[in-house]
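Notes follow once the structure below has been shown.
Letters A, B and C name the chains as they come in the text, with residue numbers starting at 1 for each one.
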Amino acid sequence: MNRNRAVDFWVGLFVLAAIAALIFIALRAANASSLSSAAVYSVKGHFNNIGALKVRAPVRAAGVLLGRVTEISFDPQTFEAVVTFTINAKYPFPKDTSAQILTSGLLGEQYIGLTPGGDTADLKDGDTLEITQGAVILENLIGQFLYSKAAEGGMDKSGGSPGGGSSAPGPGAGPAGGAAGGAASAGGPAGGASPAAPASGGGGAAAIPSPPGMAAPAGSAKGEGKR
Amino acid sequence: MPEKHAVRLASVAFGYDDKRRVLQDIDLVVPEGKIVALMGRSGCGKTTILRLIGGVHRATAGKVEVFGEDVGAVDTDGLHRLRQKMGMLFQFGALFTDLSVFDNVAFPLRERTGLPERLIHDLVLMKLEAVGLRGARDLMPHELSGGMARRVALARGIALDPRLMMFDEPFTGLDPISLGTIGRLVRALNDALGASSIIVTHDVQESMQIVDYIYFVSDGRVVASGTPAEIRASAHPFVRQFVHAEAEGAVPFHHPAADYRSEMLGTVAA
Amino acid sequence: MIDGVARLGAWVLRTIERLGFASRFFVAILRFSGASFSRFRLTIREIYFEGVMSLVIVGVSGLFVGMVLGLQGYDTLVRYGAADSVGVLVALSLVRELGPVVAALLFASRAGSAITAEIGLMKATEQLVAMEMMAVEPIARVVAPRFWAGVISMPLLSIIFSTVGIFGGYLIGVVMIGVDSGAFWSQMQASVDFRDDVLDGIVKSFVFGVAVIWIAVLEGYDSPPTAEGVSGATTRTVVTSALAILALDFVLTALMFRGT
């Protein structure tokens, strides 16, 4: 019987060691954020291009993780992407919050950045965001840059109204620091196609310093058909 | 009044596959309370007969009856029941190498009975005492000599007081002292338990002293049978050769081969 | 030529037959598993021989693997100014892949081969038949406890391997090379997700455990009862287990880490 006790002891120690290892990993090596069952509310947003956004991508505001993307689907009526994501219920956002698809770091994963608006009413579970901005598409960026260079070299048009379908550079508030080349328009008429693009070329490609006048219409940057 | 049979084999045939038929047509009985020996050359199927009786294999033809029940037809529970009445001693003991002598003998008691440990302790000591190894109870199997291992296996075999004991070559490879001991134990335990026994062996001298009846098996059939006295006096060629250990007789010395002279002189391909 | 094709055909048929036998054997193990749990002492004894006795090799190997990861990882990451991420590299590599896979390979070579040899020898020395004749089902008494002990031990060993490896990476990265300790752990915490990475790794090790121990007991139980038979079975256990582990790893990784 003594031999059995020794065996039991060592087996118990073995199991204990494994449990301790698991706890160590859980606490020190990994984050258990996916396990926390905090209350969340679900919100939708329509984007003309989600770029490389994936399900379970983070949702951040001011850089802080507040939720996750839960579903990505396609609207056959408007031909836009529909992204459903959750926000931690501890943090209510105003109804006119805008969502933007940004990239973390130079080559990092894409995430949704929320910028609060000024509405007094809050978003409720199931609401749809009205203001969104899609991801930066590298090809559009390059096209815009090339045309802006061509425009500067050739014609002598200065500035020009922010017409056409191309949008102004992104909300000044934001995450300009994030993306390479900041916030040129995704979707819309591809920068390369439209000869009107060079007109806003002044504000084009690397347009980090957005003219103050742009700040206001930033919200309607996406133009028609968006609401 | 016909004797009741502990074991009865009727026209039993068996083969591991279609090509190798080990047993062709076996008829034998083991009367209750008697010790029967199965003799024959190595590899003639004697051990297979024991396995058929134990239900390890199923006969391809014929009937194997143990205590009146058909071993081949009974279901798993029935087989369990029958096996509890049997005890088997394997050729080299087949002791469980990771258990001590005591635990080996206690194994069937612990597994098959719900007896409390104190009672099992006493029973094990009694069985070991019967084979003279009570003092060796804490040894491990690899520390035992061949004869001792076989005695421990015998103690384990009788642990559940079986009504039928089967011995697979119990005398093989033992020194004369151990031989005599095992022989006496087999007879004594059989009579003490009121059991029946089958001994598979080719040790003629020792077995003739203790058994009541002998069957000779050759080429998958029973070629001769009788009491030890009858066997000794038998004129059957195979029996004579076997009992008197003659080199030539019914069983030739040479395995079939081409002509010796021709093969050595190279006139016949090897 | 025809002979080669015939042999190939025969091999395929034999393999299919073997697979069928293996499946029926698996079902039989499950059927006879009652005693493994009602008499848990049997299983505990096997956990000792399979798990506890493998701790040394798993621990030492884990330490060295973690240290090598730290060394190699630092060497590459420092070129991109990302030396702080060496903890992430070590932790993710171990928890997702190396922990389950290497621990399973070590388990197969040490415990798996030992079990095959043990069961094979028990068969060769007629211990299994003796048990059968005593109306004790060998699968219930000998095979099933070893099976469940393996299934239980494998994830435990894998977790210990990963943890010791992370510690090894810490030793090299922080203590020896001088990466900032705070950055080491915080980067790791930010990148290693418990459910996605750690739990998936545990699921993997559980699957590997089932595969390895199943192969081990099968080869032992089915081995020819001779010396060559047992040695051949032992070799087959290690080789087949290794192939199974790597193939399953591919399948599981594809399923789990699709990155959608």
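Methods note: a contact is a pair of C-beta atoms (placed from the backbone, for glycine too) under 8 Å apart; a residue touches a chain by one contact, two chains touch by 3 or more.
Nothing here was measured: the structure is a model prediction, and the numbers come from that model.
Viewed as a network of touching protein chains, the structure reduces to a simple linear path.
Here B-C and A-C were compared by C-beta pairs in contact; the pair with more is A-C. Of all chains present, the one whose mean CA position sits nearest the global mean of protein CA atoms is C.
In whole angstrom, the spacing between the mean C-alpha positions of chain A and chain B is 82.
Remark: chain B and chain C have CA centroids separated by 43 Å (rounded to whole angstrom). As a whole-number value, the distance joining the C-alpha centres of chain A and chain C reads 41 Å. Residue positions of chain B in touch with at least two other chains are not found. Residue ranges on chain C touching chain A, taken from their complex, read 41, 44-45, 47-48, 51-52, 55, 91, 95, 153, 155-157, 159-160, 162-164, 166, 185, 188-190, 192-198, 259-260. Across the complex, chain C is touched by residues 4, 7-8, 10-11, 13-15, 17-18, 21-22, 24-26, 28-35, 54-55 of chain A.
Those residues of chain C whose C-beta lies close enough to touch chain B in the complex are 121-122, 125-127, 129-130, 132-136, 141. Listed in rising order, the residues of chain B touching chain C in the complex are 51, 54, 56, 79-80, 83-84, 86, 88, 90-92, 94-97, 107-108, 111-112, 160.
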